[in-house]
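The same subunit A turns up in both complexes below, where it pairs with subunit B and then with subunit C.
Right after this comes the complex of A and B.
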């Protein structure tokens, strides 16, 4: 077992311990929120998942730019891994939000700006994966993928600002805005971000290894065909 | 100066070949008209409420029609390895890109100029009360569509599923631009000038155009040549 595997298993185990501890505290230690009741606990996954998602998208941008400068395929593998993990956390954010909305608002979906923006961003990055699928040549795929990551990330602020100018139904931001969040809830919100980040890191490492192996296999296959 | 002349040369070449064959413009124009016709079945085309969604309809038709033009933009150069020749020519990639974008822009604006009066007749809408401002919105938003579309046209030119990939990749990126265009056009077609809060949409449109034109010019070398 290499050092890399040990790190992955270590991080994964740490994530599992932290997550178990957090869920235990959420269910037994924290009081129900005054207006929403028990369902409010979804926020401890909903919000950190969104943070993780956008962190991943930002890292994908960095990876894309570094790839274009260095032309090292490791960065391309990192870009695709981190995008896929970002999409997974984006899906967690969207789906957990929908479950919450069904109970609090009585509807699964509403065209509020945060929901709409998140969905648009999700589609943007899903498009990146679809683009990659359509290109077979490795360096071309990496190059065009990196360009798409730059274009995608540049449009994200536009998406958020433009959609924000429509009326909003989403609860106001409770971390930086006018809304107030009790200290114990806030601690849990950030506290639960740690295991989610660890899980994301493990997934990215796994996916990156898989991507590198895939590239090797493809190269071997091409070499075999050329004989 | 050479740079501008190169842009104009590429644009003139594209427009000339398009005017001779008319393959993209015919398809695109009839497609836009068919869409405008189809919309009339989706809701009551003569009711007052049509005004409230007029801008949205118009820009959906333009965005759909635009894809047909943009798809051809680089695909046209695949035959006889024309794209390789263009890349090998002394014209730098940004000039090639801007020339192609300019040609697409002229074609798309032309299609819009035909569709707008037809739209007014079909849906009984007085669209020309604030003609100057409407033209401004039209020109700005169409540039946004063209510049993003031309980049993605270059990006997808060598793909197997080019025709499907272009709209799929391009529309999500265009959402802010289309939203601003829809909002502003709806206001203008409703007979009100752009004031107050709506100026923010106009600024957004201008910002979108500037940022994506700059990005496209910077990135096009990487897309076309690598």
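Right after this comes the complex of A and C.
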């Protein structure tokens, strides 16, 4: 077992311990929110999942820019890895939000600015993965993918600030600006972001390994055809 | 516990389960892809070795 495997197992185990502890505290130690009741606790996954998703998309933007400058395919591998993991956390954010909305708003979905922009953002990044599948040539795929990542990121600030800029049904920020979240909830929210970040890191490492493996296979195939 | 409180807890459980289902589904996809890549890599290496030995 290599050092990278050991790091992945270590991070995964730490995430599992932290998550188990957090869920236990969430369910037994934290009081219900006065107006929303128990369903409020979904915020401890909904918001950190969104933070993780946006962080991944930001890293994908950085990787895209660096690829275009340096033309090193490792950055392309990193970009596709963080995008895929970001999409998984984006899906968690969207689905957990829908479940919360069913109880609090009485509906699963509404075409509100925040919800719609998040869905559009998710679809754009999913489109990046579709684009990659459609292009055979490695460097062309990496180049066009990097450009698309840079363009896609322009939607992220829009999603983030949509609740500030527009009248929306989505709750207003409780962490920044006029945020009034109680300290114990705030601590749990940030505390639960840590294991989600650890899980994201492990998944990105796993996905990057696969991308490198794929590149090795492609290189060997080219060598086989050149015989 | 009232009906609305029970419903609240049920949906909280759905929310937590949904988070895990999405993560586990993604991990399973990664695992399946990893197995496929390892198999492909072995096949290509074997093919190259066969060609070199001929």
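The definition used in the following text is that the second predicted complex is superposed on the first by the 211 of 227 C-alpha atoms of A that agree within 3 Å, B and C clash if a C-alpha of one lies under 4 Å from a C-alpha of the other, contacts with A are read in each partner's own complex, and residues count from 1 in each chain.
The rule is simple: a contact is a pair of C-beta atoms (placed from the backbone, for glycine too) under 8 Å apart; a residue touches a chain by one contact, two chains touch by 3 or more.
Bear in mind that the values here come from a model prediction, so they are computed numbers and not experimental data.
Once the two complexes are overlaid on the shared chain, A:216 sits against subunit C while remaining clear of subunit B.
When both complexes are overlaid on chain A, the residue A:45 reaches subunit C alone and has no touch with subunit B.
After overlaying the two complexes on the shared chain, residue contacts for A:123 are found with subunit B alone; subunit C is out of touch. In the overlay built on the shared chain, the residue A:207 is in contact with subunit C alone; subunit B does not reach it. Judged by the touch definition given at the top, the superposed model places A:134 against subunit B, while subunit C stays out of reach. Contact with subunit B, but none with subunit C, is seen for A:144 once the two complexes are overlaid on the shared chain. Taking subunit B and subunit C in turn and counting the residues of subunit A each one touches, the greater count comes from C.
Judged by the touch definition given at the top, the superposed model places A:10 against neither subunit B nor subunit C. Contact residues of subunit C toward subunit A in the complex are 4-5, 7-9, 11-12, 14-16, 18-19, 22-23, 26-27, 30, 33-34, 37-38, 40-41, 44-45, 47-48, 51.
Residues of subunit B that touch subunit A in their complex: 148, 151, 155-156, 158-161, 165, 168-169, 172-173, 175-177, 179-180, 197, 200-201, 204, 207-208, 211-212, 215, 219, 222-223, 226. Interface residues of subunit A facing subunit C in the complex, by the touch rule stated above, are 23, 36-39, 41-42, 45-46, 49, 84-85, 88, 91-92, 95-96, 99-100, 102-103, 199, 203, 206-207, 209-210, 213-214, 216-217, 220-221, 223-224, 227. Residues 68, 120, 123-124, 127, 130-131, 134-135, 139-140, 143-144, 146-148, 150-152, 154-155, 158-159, 161-163, 165 of subunit A touch subunit B in their complex.
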